[in-house]
Amino acid sequence: MKIQDRVFHSKFTVRYSETDRMGYLYYGHYAAYFEVARVEALRELGVVYKQLEDEGILLPVRTFNIHYKAPAHYDDLVEIQTRITQFSGTRILFHFESFRNDTLLNTAQVELVFVDKNTGRPCKAPEHLVRLFED
Amino acid sequence: MKIQDRVFHSKFTVRYSETDRMGYLYYGHYAAYFEVARVEALRELGVVYKQLEDEGILLPVRTFNIHYKAPAHYDDLVEIQTRITQFSGTRILFHFESFRNDTLLNTAQVELVFVDKNTGRPCKAPEHLVRLFED
Amino acid sequence: MKIQDRVFHSKFTVRYSETDRMGYLYYGHYAAYFEVARVEALRELGVVYKQLEDEGILLPVRTFNIHYKAPAHYDDLVEIQTRITQFSGTRILFHFESFRNDTLLNTAQVELVFVDKNTGRPCKAPEHLVRLFED
Amino acid sequence: MKIQDRVFHSKFTVRYSETDRMGYLYYGHYAAYFEVARVEALRELGVVYKQLEDEGILLPVRTFNIHYKAPAHYDDLVEIQTRITQFSGTRILFHFESFRNDTLLNTAQVELVFVDKNTGRPCKAPEHLVRLFED
């Protein structure tokens, strides 16, 4: 099965600290949830993001787009479905869908670029990651 | 001068709590910065967001798009230029540009919709806001 | 077994968003971890904190003391051991110990008071909670 | 005037992202406010915390105690009064009082220790800081 066809699942229980006075999960916290979701997706593929950084590769976000359809509330169980929709060797694109039960809460896309920690400049993805996506 | 032609300015000093292990202002925290920036823009127009909520109008985010060009670091002074690019009576669109000195850090757009606090459903913007944009 | 003799366990994987430029889990984020830990402890006792609030009882923090011994880092698994050390009918005291494997990261105490949502004033704990602690 | 007799002032407007569903400034966010307050106090004394870190000195928190008396709410102006109550050459103690107008919101103490960035072990404060406190 191609990686691009796989769906990865992450679960979050909305913390009190993540709510706002509207009673919603604050809209900005999804950025952190998606961070966890993509790290979990990579881990399932055998890639430990922390090791990437230890090897000198950073993976900062270049674009982040999110469309909110319904709010999550305190103590809700939010399930995020993650897909890796593109991998070019210099950048990687994730697509997310957040659900509470069957309710779609939002859809989002995050594009990350590979950056050399020492130079701070874009670089190629490490070989072991490239090979993953060739299969 | 039409509101759509005005530029509002907000300033932030990056807090330690907002940095991440990459040494950057964590990408997700701009959501909170833009929240402050649009509240400050509205306040300059005589609209106190807190009062809107007290009057029963919520203004949740529907879409949020951000394109990162350069990172901010701890203790950097980040200046955000805010423009209100659209106001339709049921939704409002903000455009943001973040700078550190002359360096453009990112551009972003946030679309918010007026929601009735009691019903949780979209509603019309309050009259005093509508009049502001008619001038 | 008396509740005061029980130990409750909560697990956290340190998120990227929770790290700081020192590479540590930011010291302030333990407040959110402990919040989750005490909610999980109460849930094991059959008390759903969210329902308490729905019933009109808030449980704000009155004192929070923490002594840090070692830092946690990105992607570390932090295990928190929670004990309910006092329950007086108007306040409740939690004691926490955070570990990474066998390393004690910190110890902390949080005192919460029962507050009536409508009046904003201290109140008695609900009957079902009082009974729990009588056994 | 001795440093220990000086009072430093910092101001914060409570951000939406910092509120919780209780409508309060989340109790855990004061840690970040105090971080800013002590950096501002040091800056008034001519010490730039960022430079300390660049020189290889970290200043992690060892203990943090806070006693909450009243909550702050969204958009409140919170003023923090900071005192440096002890400086021993290897650690530094800050005392904080948070106010909304004349209402005391909380009192807190934070103890930080000087740590060598390379060894991760406690170390002496840099000379220029020691001299400040000798005057």
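Worth a mention:
By written order: A, B, C and D. Residues from 1 in each chain.
Note that in this section a residue touches a chain if its C-beta (ideal position, glycine included) is under 8 Å from a C-beta of that chain, and two chains touch if they have at least 3 such contacts.
Please read these numbers as outputs of a predicted model, since none were measured by experiment.
Chain centres here are means of the Cα atoms, and by that rule the chain farthest away from chain B is C.
When the contact pairs of A-D are matched by residue number across B-D, B-C or A-C, over half of them reappear in B-C.
Chain pairs B-C and C-D differ in how many C-beta pairs are in contact, and the one with more is C-D. The distance from the centre of chain B to the centre of chain D, each centre being the mean of the chain's C-alpha atoms, comes to 28 Å.
In whole angstrom, the spacing between the mean C-alpha positions of chain C and chain D is 24.
In this assembly, the C-alpha centroid of chain B lies 34 Å from the C-alpha centroid of chain C. In chain D, the positions touching at least two other chains are 16-17, 21-22, 26, 28, 31-32, 35, 74. Taken as a contact graph, with one node per protein chain and an edge wherever two chains touch, the assembly is complete, since every chain touches every other chain.
Of all residues in chain D, only 13, 15-18, 31-32, 35-36, 39, 48-50, 74-75 touch chain B in the complex they form. Per the touch definition, chain B reaches chain C in the complex via residues 16-17, 19-21, 23, 26, 28, 73-74. Per the touch definition, chain D reaches chain C in the complex via residues 21-22, 24, 26-32, 35, 53, 58, 60-68, 71.
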